[in-house]
Amino acid sequence: MASIKRRVAIIGAGITLFRRRLKETGRELSFYAAKMALEQAGITLDDVDAVVCGTAPDAFDGVHMKGEYLADGMGGHRRPFVRVYVGGGTGVFTPIAAWWHVASGHFDVVLAVAEEKMSSCFPHPQKAFTTIFDPIYTRPLGANLVWIFALEMQRYMHVHGVKKEQIATIAVKNKRNALDHPCAQLPAKITVKDVLESEVMVWPVQRLDISPPSDGAAAVVLAAEHVAKQLTDDPVWIEGVGWCLDSTYWTNRDLYYPKYVEYAARMAYKMAGIKNPPKEIDVAEPYDPFDYKEAHHAEGLMLARKGEYLKDVKDENDIFAKYGRDGDLPICPSGGLLGVGNPIAAAGMMKVCEIFWQLRKEAGKRQVKNDPRTGVAQAWGDLMQVGTVMVMRV
Amino acid sequence: MSVERSRLPEEIKHWYGDMICDYTYTLGLAGEKFFLGLKEGKILGTRCPRCGAVWVPPSLYCPDCFEELTDWVEVSDEGTVFTFTVAHLGPDGRPLEEPEIYAFILLDGADGGILHKLGEVRPEEVYIGMRVKAVWAPEAERKGAITDIRYFKPVE
Amino acid sequence: MPAESGVMERRVAVIGVGWSGFAPQTADLSYKELMFEAAVRAYEDAGVDPRRDVDSFITCAEDYWEGFSIFDEFVPDQLGAVLKPTCTVAGDGLHGLANAVMQIESGLFDVVAVEAHSKASDLLTYEGLMRFAMDPIYTRPLGWHPYALAGLEMARYLYDTGNTEEHCAMVVEKNRRNALANPMASYATDITADDVMASRPLFEPLKELDVAGLADGCVVMVLAAEEVAEKLSDKPVWVLGMGWASETISPELRDWCRPVYAEVAADMAYAMAGIKEPAKELDLAEVDDRFSYKELQHVEALGFCDYGEAGKMLEDGVFDRDGDLPVNPSGGSLGVGHLLDASGLFRAMEVVLQLRGEAGRRQVEDARVGLAMSWRGIPTASGAVLIFGSEKEVSRT
Amino acid sequence: MSVRIKEYRGTYYSRKDLEEGRVMAFRDRPEARYAWATGVAMGRFLSELKNGRIIGRRCRSCGRVLVPPRMFCERCFRPTDEWVYLSDTGTVLTYSVSYLGPAAERLKEPVIIAVIQLDGASPGIGILHKLGEVKPEEVKIGMRVKAVWKPPEEREGAITDILYFKPIEEG
């Protein structure tokens, strides 16, 4: 494999509020995020060579070929514009695709925008989620999206002997972190007891284990090295990208470990020259649509050994000591999907924005205390199948 | 290379299903103003401060300049047939009993216009460049939808 | 628009193509089985083992064309892509190719496979799905059949350019007759322009025979970096240029005559390939012709001639298979069938086969540089252009 | 959030705002119906279900028996080689108890779902189905189960021709 010749930086980021319902159309939300990212980068759309769109199932917004629908709101009118898509992994994958647009040498400045408007699917987006299943051998069983995560969570707990009390601490941490995020939909000060006493959805998944459906958009601006250095004193370099897709047949895989996340992470770490992830990474935003997923993904990212993310975590104090903003390794300082909300593709992009702001020391009240130099954002999706990973550095 | 083909006639060849959900699309910030305008018998557009274009239907942003558009202007309900088609099929692809005339009407004062039907005119009389005017539904019947304009008709 | 530095530091070539299906329906195979057949043929053609040699996989798909959400879920197994970098480009096959090329140029990968397919015969509500792609606020509430937009565009295009309905009918005659020499074609026939003119009006001036019929089919293409391509293949076909662009989904805010997406995409592709006079420098073109007028419109937007001249050139036989610039020698969508988002990849494959001299009875003589262009169909204004060469550069004689 | 950003945008509305007309909306549902070609593998699988049998495919290269069946082996990237009938008994690999229906509606009686490795399938190769005739608290990973079929005359060639799997006692 040849070496990467062109360095690429993120030079601006933008985000909307995340809410259960927003009045703006998806095109309008995209415009807000894109415009903010451009302003933060100190450029206008005239300076943008190409646009990459990220948005998850068309069945949420309720528009076929949703990328084309969103194009002008993302700044894609009469420009090179393309939509990339890997289900829930899309949010981190979108800037990865923007990265190869720049790294290839074709473009100097590329805008990456992610949007989701799940409120269009009425009364509840869960109905749209049922269309992600195979129509012949899964949908007729009356499958619900939460089913498959419950099966995965059960398997994870069973294989490693992890307890629900431990997993619940993740929800406590992230919802509390989100109190400091101005866009957050579900920030809250809750306890492990609250999680364990919340309504059972699909055992072992309870109400407070899950992130909400949301509307929202987020965007980042990528630039080639020579442009980035002209435009900003604080470029955040994209040093590693990775993604990986496992087999469709998820009932034929052991769900206890996300091997595809590990493979994606290995690809990104190799590119970034990272050999010892927990030592070399200062802040991480693994994908947390469910609380157990943070543990699952942190293990896939090799930030902890298999089954050991929650090893010494017995209560809330333990999780903040290990993974809080002033803990050993800050994880999801943004508040994650559990706290900030989960407009699918925009939620993954939010994680990239968060690492960008953390590394630039612009995260305000959310700023982690360990003077971070290297951060990783990760998303996940499809039928528990895809991992997308981006390593950033200052 | 070919996949082994089935030769059993009794096999189940197709599986039927759908991707149907109910959707509720908020009209958005620009759309809501536009449709409320229709209810009042007005066609509204947004003006770009940079390029000066008046976009109808209105957009919250200029697709060319990416400026946020906050300058709302009322445009005329009269305009010119920019292009038209004589429709012989309904939305489901079945033949229409009577052909309809669909047009894009470039409205006076706008850099855009409205897609709508033409009425009070026969297909063979319509031409590109023809002057037309909106025929509004009675005020009491308007509900903030495109059908608040019944159709456009030729002006003398 | 292209960056100032580093364009095409790494050359990329197509080293393998494979296809399956290409019929109005393929009821005996599932989409997965169709993809598997095409993939096996493409890897065989390229001489690669996907589990060992292919670094990345791209599928080009849209959920509502499939009938389920998140199409890439259902992709890796039949492409040999399990536990490898794999993604969806929600675009035409040419968008997928462009992204594969960039992945290789960036230095990330050496070999990338791109897949696109149509299982149009699985769709019971094709028009309804097109309608569902329209803007739900301004366009959908009109309750119009999606082809109404084509009728409106065709009317203004003919008005502005002076090209005629008869010219459009001649496009149908040319392409469906070209298709007679193409074993992959579903709609080959010796129809005449008069037959087209006499066909049922749908959205005047658009008539029934101006519209391409649907077909099923899958195409897989394998691309490789220069050093790998030259090792693996004795007839690599080089990607010389590429471009793509979208316009707003709102028809009211577009140009009703000029397909600006095609102009932007072509400018980008020509700049990269160093092409200044496309009509002279190209040996053939496969251009979107999902509606007959679209071929004329696209030919003009691609700069083969000025607006308003395509009809006359068509009359003069310039675009015939043995003309100066053959357009759609394959038969195009009108002759082969419309393949949804596989349209572009099919066109790219046709150009590759032509440049390799493997196009059989439809072979264009001395084909060395060819162009493939796609449009994503109603209601979009989105398309892509790729330029291929049998040599690494466009040679000027 | 960045300290450099002063305002974050988006206009929240409640469901009540919508129902009471304070937010305007257009309502629609897609015409999105399909007749998917089942193809060789699923066509046979469904036909066999109608006959009360479960069929898989074996790849001779890696030796695995795959179910649901497919005509290709994703590991070896080659065609699978032969049809293999599987037992309708198996082992629970993982399970969960759902109080939610497909549209997130609350169920009165929970549904127990499980990934079941059928006897005759390769290790780890499971199918998704429901469990019945068992209480949620009695289900265990590793539990042995057997298919309960619809009566033959009611079968239509669908995964639901199996009603559910129930626990079996084995001695």
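For reference, chains read A, B, C and D in written order, and residue numbers begin at 1 within each chain.
One rule holds in what follows: a residue touches a chain if its C-beta (ideal position, glycine included) is under 8 Å from a C-beta of that chain, and two chains touch if they have at least 3 such contacts.
Note that this is a predicted model, so its numbers are computed, not measured.
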item	value
Label of the chain whose CA centroid is most distant from the centroid of chain B	D
Result of counting contacting C-beta pairs for A-D and A-C, higher pair	A-C
Rounded Å distance, chain A centre to chain C centre (Cα mean)	33
Distance from the mean Cα position of chain C to that of chain B, given in whole angstrom	29
Chain A and chain B: spacing of chain centres that average the CA atoms, whole Å	37
Touching two or more other chains - residue numbers and ranges from chain C	27-29, 33, 36, 63-64, 67-69, 76-77, 82, 127-129, 131-132, 136-137, 141, 248, 250, 253
Residue numbers of chain A (touch at least two other chains)	21-25, 59, 62, 64, 72, 77-78, 122-123, 127-128, 131, 135-136, 247, 249
Overlap residues in chain D, where contacts from two or more other chains coincide	11, 13, 18, 23, 26-28, 30-38, 40, 42, 46, 70-72, 74, 79
Graph class of chain-chain contacts, one of line, ring, star, complete, other	complete
Chain C-touching residues of chain B, taken from the complex the two chains share	1-3, 5-6, 13-14, 17-19, 23, 25, 27-28, 31, 55-57, 59, 63, 82-93, 102-104, 112-116, 123, 128, 145-147
Chain A partner contacts - residues on chain B that touch it in the complex	15, 17, 19, 21-32, 59-61, 63-66, 68
Complex interface listing, chain D residues touching chain C	26, 28, 30-42, 70-72, 74-77, 79
Chain D contact footprint on chain B (complex, rising order)	1, 3-6, 8, 10-27, 29, 31-32, 35-36, 92, 144-145
Chain B partner contacts - residues on chain A that touch it in the complex	21-25, 27-28, 31, 34-35, 38, 44-45, 59, 62, 72-73, 75, 77-78, 119-123, 127-128, 131, 135-136, 139
